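In the two complexes that follow, chain A is the common piece, with chain B as its partner first and chain C second.
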Partner chain A sequence: MTARRFSGRLWWRPNIAGLLTMAACGLAWELTIQAGIIDFQYLPAPSAIIQGARELVASGELAAATVHTLESVFLGWAIAVAAGVSLGLLLGFSPLLRRYSLATIEVLRPMPAIAFVPVALLLFGFSIQTELMVIVLPSLWPVLINTMGGVMGVHARLGEVGRTFRLSRAAMLYKVFLPAATPTILVGMRISLTLAVVLAVLAEMVGNPEGLGYGVVSQQQALRPDLMFVYVVVIGLLGLALNALLIGVVSVSFPAAAAELKGYRP
Partner chain B sequence: MSVAGGDTTGRQEHDFVFSCRSVSLKLPYQGGNRWILQDISLDIRRGELLTIVGPSGTGKTSLIRVLGGLTSCTSGSVRINGEEIAGPPEGVIIVFQDYSHALLQWRTVFLNVALGIEGRIAASELRIRVLDALRLVGLEKNADDYPWQLSGGMQQRVQIARALAVRPAVLLMDEPFAALDAMTKASLQDELLRVKQETGCSIVFITHDIEEAVYLGDRIAVINGAPGRIERTFDVTLPKPRDQILTRQLTEFLKFRYAVHQAIGGIIR
Partner chain C sequence: MKRGELGAFLRMAAAEIPPARGLIPLLALLTLWQLLAPGPSAYFPAPFEWWRAALLLWDSGQLLPAFAATVTTFVEGLVLAVAIGVALGIAIGTSRPVERALGPLLEFMRAIPPPVTVPIATLLLGYDVTMKLTVVALSAIWPILLNTSSAAAHVEPLLRDVARTFRLSTARWIHQVVVPSVVPSILLGIRVAIPLAIVVTLLVEMLTSLPGIGALMIQSQRNFQSAQVYALLVVVGLFGFIVNDLFAVIEAIVLRRWPARGGFRSG
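Let's look at the complex of A and B:
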């Protein structure tokens, strides 16, 4: 293992091979349509999608929708992370709490987010709260479960080291257990971020008529597949960008934890 | 050669850092309980290096955990400076065998060594104390490295430096060199003797290596059996400073080695 591979500043280096695969897929798509191999009026060629993107960028619709979706994603994710880490720590440290609450959690966990849309609409109407209600609960679980598992998985020796140095309970938490569990917590945060994007789009498609998700639905209803695909592609790129951003922030602020995430670099 | 000794005749209680009286320990085991230590009476003299030697499964580690306050004994009394211990006592630091689990892998060497004193003394003082401790173990150049960048021997030195930084009265070392190769082990043994000379702290050193016990010890306690009992103790009358080649060639060294071996019952593990 090279000494400072993970603390370096190479996280932003683009993955050329990965980008080439994406470009090759786009080119294949374009060629099959240009050559008439696929002739289906509702499947536009990438060139038509790029044309559509110009249109949506010029009108400002794309930017507004992206900003709205980003806002919901970040807000929902932040709430999910804050609640997930706190509850995960409590559960990780308390066998009693685990015994009383894990069954309930296992009932709530598989509930489909879409089931909350009617409830959220009744409570909050067409608003960002509706979106948040759909985003937060499902994105909470990966953070909560990973934080709990992370704390429980901290090697017993580390706790004994803390005791032999007579650390206070607070110091034990923020000097030993929290940093030791950080790589696992970051995995949960990462899964949860992608989930938050999916859920925000979902909430916009069937709940709050705003953002990228509503863009997909409204362009579909307007019979403009070229514009609809613009939104679909932007949603994908947004996921990619957020993931890269998170990994970037992690490699700079937690070099040791980033080492454990290295296999997941996009 | 004096192979007897180790009893408490003629010594005052304040000569001892630790006094164990009839200490027994019972731990849960497979649904029931199992006796790990039985009727251990042992004093640790101020400023001595006491090695505790015995085969595996005789409760050596459990004994050090009791002294370090991580486990409380089932019956008997353990006193430090005359006071019954309850939890890890101040100025008593355990150095664990498995350094890779005992070091904070996300902290640099400097910050690992600072763990026991940060927030308790001024930052300028902290820097001096940490660098002093690193100098004692010869790691002053590695302050900014991470533990996973260091060899096993260096990582164990970090753990020792971390203990020394709190200026402990007693170091409890649980087979600290058992996972290291022979050469690293020899150099760390000499380093430990030098550190003890410089700091004057008392050291309890657990090992299953008879030669190590004789080479390092001012006194040796032989622990044996399951549950473990203190078989006997020896005052090691070998000259100081000890030397890896010369000391080990002395007839007396061989006699002590033989005597400890006999006390264990001829089983070397």
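Let's look at the complex of A and C:
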């Protein structure tokens, strides 16, 4: 455990060898294209991608697409978290409910996210609702399962203490169970956020023709690989940025839960 | 497989499935659906209509080849990802400088959502089965590779000392110490990779109309054959469930042979 923690800290020191490798790979990519060593018709050089990024930023397309995707991710994630935490609390507290619904959850949970796309399209057409349905349903599970597990994992003695103080049911929830389950719930929320980004992009690729995911597909069909790679890179950076943002917010507001969150890599 | 082992296997398989009474909400929902919407509908066709649509698809000879194509791609892609991911992961993880040098690059590659690799691959490789397989393997490889390399880099220090005391050669060190201690992490990586591989397989089929369940789904949606869409949703859902459960059993069997050790928490 100590070895792990120590090396975990090493990660945050600037990894010069790693950054150099990345730069070298980029340079090698550029040079092989320039020299015509590998000749994929549609593989743009990094310089062409940077040029493409300028083009997309200047026309405002990139900003509009990013805003759309961000909105969908946050909205979908918020719905998934709200529903997941409430259902998870219910299931965590009630053994009866658990007994009569766990198998249903186990059947529905492994449902591949993308299978919802045709159904959502059937119900809502090419719209934001389609995108939200595809985001919410799969990203609900990590929050639900972790909330349930968090509540069930609260030490029995804490419940006894609460009862000794004759706390009301609401007070038990807010003063005992929620705080104790918070670290686990936050881990679920983080998995769910990462998932929501992937799902938003997925839904935009085959469902709602808007946002960054649609950008990738439409530029591929327009045979503009330089612009397509711009969207790909932005999507990757967006995922990293949202993850970092979540960890930052949690470290400030729930410092005790942050350690657990960082240890988990989805 | 001996008889006792078979029994243990079946018991383990059964233990992975929670009690059937938990299925009541799902069955209640489907019954209610059937009662409220008894006939065909453009949006909410009744469950019996799904069944009819599935039978029609089966009779027309479309369902089985599509399903076979999807399953083949999924399995081949996953096997490829496991083979390459584990080999590369151990190679990277056992050397500290290599791990540090490649770390950020691999983390960035992993940050790119797998679905996005599909349009890239269609442009670079064209529309064919090789492309389909490449994309699936490429999407599934990251969790396996990164989990393996991270575990190989953090082999229990005590084992490291023991190996040094016995002056194990590099080959024996990898074979007898590294491999057994990375097995739990490899399994964890595969567990994460399975849903990715399924999603990407279906996505390739949807985007490129290469034969498979994905293509069939999007085609029935475009023709507004709603019952068929729901029928295929059930097929895909069942497939996901079975794969998930099967892997849980495999995981349990393998972990009995190579249990996860304390000290290193993968993830």
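FYI, the second predicted complex is superposed on the first by the 224 of 266 C-alpha atoms of A that agree within 3 Å, B and C clash if a C-alpha of one lies under 4 Å from a C-alpha of the other, contacts with A are read in each partner's own complex, and residues count from 1 in each chain.
In the analysis below, a residue touches a chain if its C-beta (ideal position, glycine included) is under 8 Å from a C-beta of that chain, and two chains touch if they have at least 3 such contacts.
Remember, it's a predicted structure, so these values are computed and weren't measured experimentally.
Legend: residue contacts after superposition of the two complexes on their common chain; A:161 is shown touching chain B, with no touch to chain C.
By the touch criterion defined above, A:254 lies against chain B but remains apart from chain C after alignment on the C-alpha atoms of chain A.
When the two complexes are overlaid, the chain among chain B and chain C that reaches more residues of chain A is C.
When both complexes are overlaid on chain A, the residue A:205 reaches chain C alone and has no touch with chain B. In the three-chain superposition model, chain A touches both chain B and chain C at residues 1, 3. Contacts from chain B toward chain A in the complex involve residues 68-70, 87-88, 90, 92-94, 96, 98, 101-102, 104-107, 115-116, 119, 146, 148-149, 166. Contact residues on chain A toward chain C in their complex (touch as defined above): 1, 3-4, 7, 11, 15, 17-22, 25, 40, 42-43, 99-119, 121-123, 197-198, 201-202, 205-206, 213, 216-217, 220, 223, 225, 228-229, 232, 235-237, 239-240, 263-266. On the side of chain A, the complex with chain B involves touching residues 1, 3, 155, 157-158, 160-161, 163-167, 171, 175-176, 179-180, 182, 254, 256-257. Contact residues of chain C toward chain A in the complex are 17-26, 42-43, 97, 100-105, 108, 111-116, 118-120, 122-124, 146, 153-154, 157, 192, 195, 198-199, 202-203, 206-207, 214, 217-218, 220-221, 224, 226, 229-230, 232-233, 236-237, 239-241, 243-244, 263-265, 267.
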